[in-house]
Amino acid sequence: MIPDDEFIQTKNVPGPTKEEVRCLVMCKANISSQDTVVDVGCGSGGLTLESAQRALNVIAFDKNPEAIDLTRKNLEKHGLTSKVQLLEGDALQVLEGINSFDVILVGGSSGDLPLIIKQGYEKLKENGRIVITSILLETRVEAVNAIKNIGLVPDVIEVTIAKGKITERGTMMMGRNPITIISAVKV
Amino acid sequence: MIPDDEFIQTKNVPGPTKEEVRCLVMCKANISSQDTVVDVGCGSGGLTLESAQRALNVIAFDKNPEAIDLTRKNLEKHGLTSKVQLLEGDALQVLEGINSFDVILVGGSSGDLPLIIKQGYEKLKENGRIVITSILLETRVEAVNAIKNIGLVPDVIEVTIAKGKITERGTMMMGRNPITIISAVKV
Amino acid sequence: MIPDDEFIQTKNVPGPTKEEVRCLVMCKANISSQDTVVDVGCGSGGLTLESAQRALNVIAFDKNPEAIDLTRKNLEKHGLTSKVQLLEGDALQVLEGINSFDVILVGGSSGDLPLIIKQGYEKLKENGRIVITSILLETRVEAVNAIKNIGLVPDVIEVTIAKGKITERGTMMMGRNPITIISAVKV
Amino acid sequence: MIPDDEFIQTKNVPGPTKEEVRCLVMCKANISSQDTVVDVGCGSGGLTLESAQRALNVIAFDKNPEAIDLTRKNLEKHGLTSKVQLLEGDALQVLEGINSFDVILVGGSSGDLPLIIKQGYEKLKENGRIVITSILLETRVEAVNAIKNIGLVPDVIEVTIAKGKITERGTMMMGRNPITIISAVKV
């Protein structure tokens, strides 16, 4: 995985998604070198870059132009621009214009999460994967319900990571915000 | 419990121990109104104040004069000074000069944790409680081993709390550092 | 706190709520010796017994007669029957017949959680506390929303406890199910 | 990742390492198709199989013949036997007879953890990765200290996963035992 501190960061864009969470999302997404990945709400580009290292191509979008700019800079820093199409805009509108894909990652939601999941699922190929990361109590439930409404049984994991900080006194465990990963495979 | 934000805080002194951790330490300490409590490494006074609300009297010490000063200010703010004796100094030396007590809380260790537990235990009354809070991987094991060396079976809980932050978008769960509470009752 | 293994348990009734969770619920409930406590969905009686040790009196109910029976046995075992009124029945109906109280604990919900919170809140005295424990993703959000609808800001903590099992090889940390505690004080 | 329930399990052998933990270990191990991986204490074969899917070849051992047998059955079930050499025996003795390798995974320790790390590290190629998974309070510290003694700064993460169980009433979060992953890259 790309270390957290090798991402360029800015004040106004959240992320990048921490290394261990990116790792778990990538496992659930199970991206192959023939896959097209859609990254909804790319933020700092954490999941965009990891996807670009594994997929045939990636379409990433965010409604925040600063996020698009930051993701571009991170892609450039890691030499991954060629595989990624970056689009600024509203998730539902951008999804409208995209054909089918193998994986859809949903990070940023802006209140449209159920619709994004529904619309994203329709364009997902058979055996395609949908992976949602959620930091709000409310969006966890929205994601679970949206997956159930599609007729699938969601895989739900809540992940709490503490990272050891090596100090002179010993190994201090620093807590991170818990994150919930909801996923499903299209059958 | 006293809310976290009703403690005066300063840059150079850690704490106060968060409300939920104070709550769990108080449950393990099981302080009655007839008890004398010793608080080793009082820091900002979080556990000192909670103990003072429940015990007959409290002896709190810290090697850091700023911690003593801060604990005094917090005791004054909450009208709890009369029950508490504050001592600046090395834990082992201060313990030397104290008679028996019902509860010993050990928060700050400074490398002497096993000796503090051993010496504290000797002065603990029958059915007395020893409660250690640890934020380092290493001191957790030191505390477990020291309790075992006394001939007791330690109660060990690792506590991870995330606190909800109510935002316009929803309830964001903010992670805290995990803490381990090791305790035992003298038989 | 009453140790977990000092509760009589049966196969068909969940609980008792683990010691550390009972401890945190009691801290949030802040029960005084003059308080009347209502315990909705008493299950094995974990919170009923803890409340009875602190309150003036407790009204506990559950729609499951086995739960009522088990709570009664646990109250008898710990000599706490005199303070507790046990009622079998639907939460909303039983609440209907109760006058005001100082604390309401809501554990079992059966789909009526928002209404129970609303109705319970109306009968809560000024400065009264409402404390909800939730093990389902969905009821956490229901509780948060119901508290917001009342016009209060909920206190939300998610608690993950691992308990050390002392073995010959070392201290094995055994995970527990995470639980969310949502609470508020009536103003 | 291979789903947890696609592993054959037996009563006397622990594991398999849960999917999400295998995922994180694989990320830290960063196995390429040219790598030789050593798996110390293979248990049910969880990490052996994941390594076999990614590496050039894998050497797995366990002192428990039942573990060797079970790992063999799991390799056969998933068509991965050809890449894996299975050895029954004491970790230190088996390590003695192996040449250099790119990755060493240490799961089972049997009290020799510091020596296994030291000896394993010596045989690790430059840029090789060592990844230790620990479920005991004590072995976490042993692993951290052993890595420090080698002259490296360990990466330490404590991982707590709760898995959602979809029920009629809602999504019940089922806790797992926390696990600590300690890793380092040879420089």
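A, B, C and D are the chain letters, set down in written order, and residue numbers restart from 1 in every chain.
As a convention for this text, a residue touches a chain if its C-beta (ideal position, glycine included) is under 8 Å from a C-beta of that chain, and two chains touch if they have at least 3 such contacts.
Predicted, not measured: the structure shown is a model, and the values here were computed from it.
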{"item": "Result of counting contacting C-beta pairs for B-C and B-D, higher pair", "value": "B-C"}
{"item": "Relative to chain A, chain with the most remote C-alpha centre", "value": "B"}
{"item": "Rounded Å distance between chain B and chain C, as computed from the means of their C-alpha atoms", "value": "27"}
{"item": "Mean-CA-position distance for chain D and chain B (Å)", "value": "37"}
{"item": "Residues of chain C touching at least two other chains", "value": "137-138, 141, 144, 156, 158, 160, 162, 164, 171, 173, 178"}
{"item": "Chain contact graph, described as a line, ring, star, complete graph or other shape", "value": "complete"}
{"item": "Partner chain D, residues of chain B touching it in the complex", "value": "137-138, 140-141, 144, 156, 158, 160, 178, 180"}
{"item": "Complex interface listing, chain A residues touching chain B", "value": "111, 135-139, 160, 162, 164, 169-178"}
{"item": "Contact set on chain A toward chain D in their complex", "value": "1, 19-20, 23-24, 26-27, 30, 141, 144, 148, 153-164, 166, 171, 173"}
